[in-house]
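The same chain A turns up in both complexes below, where it pairs with chain B and then with chain C.
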Partner chain A sequence: MSVVTKGDVPVWRRRTTPEQYFIWLAWLVGTAITVYCWKLISDKTLWIFVEDAPRQAADMASRMSPPAWSYMSKLWIPLWDTLNIATLGTAISIVLAVPVAFCAARNTTPSVLFVRPVALFIIVSSRSINSLLWALMLVTILGPGVFAGVVAIGLRSIGFVAKLLYEAIEEIDASQVEAVTATGASGAQVLTYGIVPQVLPAFAGISVFRWDINIRESTVLGLVGAGGIGLQLDASINTLAWTQVSMILLAILATVIVSEWVSAKIRHAII
Partner chain B sequence: MIANPWLRHGLWLGAAVYLALALGTMDVNWGRVAEGFPRGRDFVASFFPPDFTSRWDSILEGILESLWMTVISTVAGIVLSVPVGLGAARNLSIKPVYYACRAILAVSRTFPEIILAIFCVKLFGFGPFAGFLALSIATIGFYGKLLAEDIEDMDPVQAEAIKATGAGWFQWLNYAVQPQVMPRMIGLGLYRFDINFRESAVVGIVGGGGIGATLLTAFDRYEYSSAAAILLVIIFIVMAVEYTSGYIRRWVQ
Partner chain C sequence: MLRIENLVKQYRTGDKALKGISLEVPVGQVMALIGPSGAGKSTLIRCVNRLVEPSSGKIFLDGTELTGLGIGGLRRARRRMGMIFQEYALVERLSVMENVLSGRLGYVGFWRSWWRRFPQSDVQEAFRLLERVGLDHMADKRADELSGGQRQRVGICRALIQNPSLLLVDEPTASLDPKTSRQIMRLICELCDERQLAAIINIHDVQLAQMFARRVVGLQLGEIVYDGPPDGLDAEVLTRIYGEEDWEATIGKVDAEDEENGEAA
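So, the complex of A and B:
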């Protein structure tokens, strides 16, 4: 808070003059960057296609309605696959993420100098590569199908689960750990009785949260051949069967809403 | 954690049955998987050493395009999500507006970026403009929902105090609501920037421009060492963005 004198009257202001200038400068730089980026994008855009878009959208909407309701009978098995990809992938990632998280947390890692950076690198690389890119690679190695999707979701989720879990581990109450150590407990016993009970609710919450995200991600893995309802979506788009496409989109919408509802219920029950 | 033993054992049983069913219907072609392992080894081996030089021009162009796309889509998405978020806050808006805005948020959040990108490419043609639109729509869903929830959680006492001074709706918004939600929303904006950069690597797969297009080309040409270089560049930039945004977030709060 600062006071500027205008004439003879002191006027209260929220910020000092340098602060005010700095904020103005930040806005100026931000706006300039945005405008420049916009220009670069707009140079690469064929505006004639953009101008045509409303007509295209109307055309597509008319082709997509009404949804091919009867096609739903062929969607149950892909939906089941999608559910399995998300659930089994989450299960794999949880199993793999727990040791990584314990190695990455500052207070439980075996070695801050050697093990922790490796664990952090695993977390970052798993998180920064999208599950579609993982699937793209895994389809080449494992062949197309549900299994590649499960592994892709698993690998992608390790980083997410491990990151949130190691942050939870770092925030635990040290006095409980100390109390368990004072009873003469071994390292594994300290882990089981001092640390695990403290992070268990957070861990369960994180797992359910990730499962919910994975449902959403597993619906599109089929676009690169990794199973699930995305395969049908890709096929229908490629054959220009737009009424089927809208049916599939409705199915995805319903699945995601149900999974979100389930995960909200479970998290509400846990936390 | 669950007191009722019937429910507890029932849940274990249910989980076991589900696992059996899921594994039963998964239909893994183990022969194909086993065959894949030597191939996988070759595949991984062909990533090394990462080749930055021979395609450096395309990599640089792709990365820059992704970065512009990220900046524009984050800014546009946030600007557009503010009115929607305000409308979707229960304590701010009237019922019809509330339901309309919640519906917009639900739809734009449900579909993964890549599906949005497919449609944007169909409607607006190939290139970064389609990717920009897809990411903006996804940003609206993400940011609008969190903004609405943050406004619903705000301290009503301050809001009432400002209202008691006779402030109009916009004054009330500016002096009571905005200061309370601003620090968290800046942090979330930076977080969304992170996500958008990561997602900009995928929208290219369906023709939305950016580094994803370069990556897909590298895969399609079997130039795995270039692909490895691209993946490393993505990881590096994500790390840099995450580190910087963490720093700015601490500085703002």
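So, the complex of A and C:
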């Protein structure tokens, strides 16, 4: 903000002149970098292939249609596996994430110095590794199959659930907690009467949201051998059975739509 | 009953909120604590039940030194001190009944409270208290469905079901309209009379303090600058507590309202 006196009238501007020039300069530099990067990408792209893209896409579409409807009879069980991976993985992650969240929240942690950093580290390490990578490692450790998928989804989701939950815990109204404490309630009672009712809606919302995400994530886990419909997807792509691939994609799409509808309903009912 | 000796509270920021307060509240006395914002009123009552840890000094309740108690002892001592809050501080997503019964948390074990299986005598007492404050039909409502005055009544029930010997009341009327404020203050004072409770009531409104309290203590920057009967609050005393201002209107109005009150009763 700057006030310049012109004559004897004070004039107000949002920014001083140097600030204004600096902002212009920053925009100029930003634009230049974007243009330069665009050129780098362009130089390294084989444009012959890109020019070919519409024809290739049309070709693939023709090979994918019509979807192999009869193949659906072999997809019900993998689809059920996929749903189970997502649901069980989410359940495991919730059970493990709740204590982590209470240890990570500044207002409920037993020790800001020792416990909180450990909890935060668990959250970060769980979040920084993608489900697919967790699955890749777990297939090596646990062997291929649905179980590796469940554990992969669970491990990936702990961080997500715990992070959102501990942020919700930190935002609660402290006076309600104070009031319950003042009655002579024990620590566990303060938790269940003063804190839990306040974070319950957030907790329900987070859990359902994560379940929704996990259904989508568990459809690809099969690509690395961790069970579910991804196994069929992998097999169909490898044998160039494109009509089966399109059938699988349609089945995944339908599942995601249904899960989205269910989670919206649940969230609406709880909050 | 309650004895405070040379209480000092210094916050970590270095601010001295209380500078050596000594105060005694006998059984059954309703005491109003007045003073400008930041004078240390809230800190003082929170030091009594140790929601705020005092820096030094001693506090005795019926001979028990509160300042030296461990966790278990403090919990038992807190049961005897009911607290009423400015913004009611009800647990918004619990029902009225659960809020009232939460006043018994110091007396029941964890699993009983978790499954909401409070002793029948507690439930009966809760109903009796709700009836006393005129809210017995609201027991199943969620706390966030109530109006301000109703919420504060629930807050009062929660404090009383503890069966306390002392009430700590923090700005009970700050979020209420003038009529409800008077009703709530009258209710608190009546209940204190019925049960021979001592009370410390923090209050902004000088007129309300004069109307309802039998003793007024004025706090200014962490020090007691007045301790006496409500009618001793003249322009000179109010200036000492709050600073220079035209106090004639405040003092004059109180007398008129007191008479009006007497007629209404």
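The working rule: the second predicted complex is superposed on the first by the 242 of 271 C-alpha atoms of A that agree within 3 Å, B and C clash if a C-alpha of one lies under 4 Å from a C-alpha of the other, contacts with A are read in each partner's own complex, and residues count from 1 in each chain.
Please note the rule applied: a residue touches a chain if its C-beta (ideal position, glycine included) is under 8 Å from a C-beta of that chain, and two chains touch if they have at least 3 such contacts.
Everything quoted here is computed from the prediction, not taken from an experiment.
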item: Partner chain in contact with A:258 - chain B first, chain C second, else both or neither; value: neither
item: First (chain B), second (chain C), both or neither touched by A:189; value: second
item: Contacts of A:4 with chain B and chain C, given as first, second, both or neither; value: neither
item: Which superposed partner A:178 touches (first chain B, second chain C, both, neither); value: second
item: Partner chain in contact with A:26 - chain B first, chain C second, else both or neither; value: neither
item: Which superposed partner A:56 touches (first chain B, second chain C, both, neither); value: first
item: Partner with the higher number of touched chain A residues, chain C or chain B; value: B
item: Complex contact set, residues of chain B against chain A; value: 1, 18, 22-23, 25-29, 32-33, 36-37, 39-40, 43, 64-65, 67-69, 71-72, 75, 106-107, 110-112, 114-115, 118-119, 122-125, 127-129, 132, 198-199, 201-202, 205-206, 209, 215, 219, 231, 234-235, 238-239, 242
item: Residues of chain A touching chain C in the complex; value: 173, 175-176, 178-186, 188-189, 192-194, 197-198, 200-201
item: Chain C - residues contacting chain A, complex; value: 49, 51, 75-79, 81, 83, 85, 87, 89-94, 98, 102-107, 110, 113-114, 155, 158, 162, 168
item: For the chain A and chain B complex, residues of the former touching the latter; value: 33-34, 37-38, 40-42, 44-46, 49-50, 53, 56-57, 60, 80-81, 83-84, 87-88, 124-125, 127-130, 132-133, 136-137, 140-143, 145-147, 150, 216-217, 219-220, 223-224, 233, 237, 249, 252-253, 256-257, 270
